[in-house]
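First chain A sits with chain B, and in the next complex the same chain sits with chain C.
Showing the complex of A and B:
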């Protein structure tokens, strides 16, 4: 172990094929592999000045830094997955040196192999559903001249009306969302749902009512996308958005041992 | 302040392209993927906290749209300027008190 170089080994993914170079990692470093047990850990050497424990804690709270690193991490994983089956590793998994990475491959090789088998030939697709919102009634009502009632009473009445129509729309949307999720899950090898994203993170998309991921056979991808489009056409209360193909982030979990 | 933007529709299905926003990437790289302990201990729960802080900011403004997509630039929590936030809170409380005072006068004047 050389104390001279203040770097750590950042882990991106585990795959079976050695990954050719040319990939640039989260610290602008060249990405390389550490091999063991017929597996290749895709890693990069990152300076501990920015990626050490103390620095990471500080930097991860910096949204600009986090988004750059998250995109770079995702880009490396995406490039690896484009070359062959791989399991993505969660952001900010850093080891002291290659020996420690080999130790992880050694300790977990059976689980990695199992997960690799599971995701081989399959791709993750994301489907989000948003409430297809009608213009909010309280916005137009707000501009109507106040009646004889107190301004507070009128405000409360508007709020109540808005809440009722919103609740009805949500009920309708919920039924459609369940139906859509079942239809899509039937075409997938596996499916899971994530918590809906906060509106600010998602942008101006309206209220998210489904945030699901589907692991789909590559041969079935076209049919899956077509089914998403059909569901979108048929369900008036919701609007669907398809994202992907993603590396199998949502389906790469090791059994807790 | 809560301007509606009818033109800002998201691309729905059919475009066939991948439209991965920051939220899509963050939820995957932070929450998903294989979770194994590294040598460097980072509690990613701290990062999830960040999202909670964000929600609080959004809720307090009552409209996410006012925050816009550049929310992290203006969020004192995220920019580490919490003194500014405290000052802003004091200012807002003062305004609420002031407005409530004004409203009581109006309603008194109404007198149904």
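Showing the complex of A and C:
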């Protein structure tokens, strides 16, 4: 028998429900459970050669690695959430052994219980809003009858008109985004915003002006999606995109409680 | 506009950026007694450096 590879314990989620038996984790490992205080920590044994501190710092910079691991982490959490309420754990939380995981359940069981109650029967939805591409704003200015002013002055006037029109469109979009966020938040148990994604990274068209998450009662999901569609129809200055359902990633922070 | 009928959790088609928004910045942060938490690492650097390197790799002739 060869020496076992040193492993750490990767934490995916905390739940009270039975966990599906055949889940595969970020390292291709079989996912298992560590129990304590009526809670089940969903974990997997990962080799420290790839998932130890030093290796993680390096691997997290590798997009292919990060992408694969993020999707595997999400797949486990998604399968657990499909069974019942669960608190997702942030990517790359690795313990030395099961005792440390039990210690976390021991120290923070009240907070986990509180968060589990909060997300029970609720689902996270994402809504992103983009500034809609405006038609070239300086056409009317370009067609304006020539005045006695010189071409340079006319050009500057056109530039100014274009800038004003663009600024007005952005103001209009900003007002609409605030109104949309308020309408959607009113249908949700909780709402929060992420920083807008960079266009270069996300590859979207138009400036992102909202990157929000809403925690919605499962019974209200259809109504929420319909309201997103309605907002999209009514707000000419912005374009909306609905994502989800998500595990309650954006509403599972124990830090401030 | 997206399908107004909510899809099932298991059938999601997920954009990587949307996922990274959530798994890197969302979820419970547990610190102490661990080998590494992403909370200990500069998040913005990780996601941006990794993503930007992929973007620049896609655009060899960047002016």
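Basically, the second predicted complex is superposed on the first by the 218 of 257 C-alpha atoms of A that agree within 3 Å, B and C clash if a C-alpha of one lies under 4 Å from a C-alpha of the other, contacts with A are read in each partner's own complex, and residues count from 1 in each chain.
Rule of thumb we're sticking to: a contact is a pair of C-beta atoms (placed from the backbone, for glycine too) under 8 Å apart; a residue touches a chain by one contact, two chains touch by 3 or more.
What you are looking at is a predicted structure, and each value in this text was computed from that prediction instead of being measured.
Of the two partner chains placed by superposition, only chain C is touched by A:103; chain B is not. Once the two complexes are overlaid on the shared chain, A:246 sits against chain B and chain C alike. After overlaying the two complexes on the shared chain, residue contacts for A:150 are found with chain B alone; chain C is out of touch.
In the overlay built on the shared chain, the residue A:53 is in contact with chain B and with chain C.
Of the two partner chains, chain C is the only one touched by A:81; chain B is not.
Chain A residues 8, 11, 14, 52-53, 56-57, 60-63, 66-67, 70-71, 73-74, 87-96, 100, 104, 108, 112, 115, 126, 194, 197-198, 200-202, 211, 225, 228-229, 232, 240-246, 249-250, 252-254 lie at the interface with chain B in one structure and with chain C in the other. Per the touch definition, chain C reaches chain A in the complex via residues 1-10, 12, 14-30, 33-39, 41, 46-55. Residues of chain A that touch chain C in their complex: 8, 11, 14, 48, 52-53, 56-57, 60-63, 66-67, 70-71, 73-74, 78-79, 81-82, 87-96, 100, 103-104, 108, 112, 115, 123, 125-126, 194, 197-198, 200-202, 211, 213, 221-222, 225-226, 228-229, 232-233, 240-247, 249-255. Across the complex, chain B meets chain A through its residues 4-5, 8, 10-14, 16, 18-36, 38-44, 46-47, 50-51, 54-55, 57-58, 64-65, 67-69, 71-72, 78, 80, 103, 106-107, 110, 112.
Listing the residues of chain A that touch chain B in their complex gives 8, 11, 14, 51-53, 56-57, 60-64, 66-67, 70-71, 73-74, 77, 87-96, 100, 104, 108, 112, 115, 126, 130, 135, 139, 148-152, 194, 197-205, 211, 225, 228-229, 232, 239-246, 249-250, 252-254.
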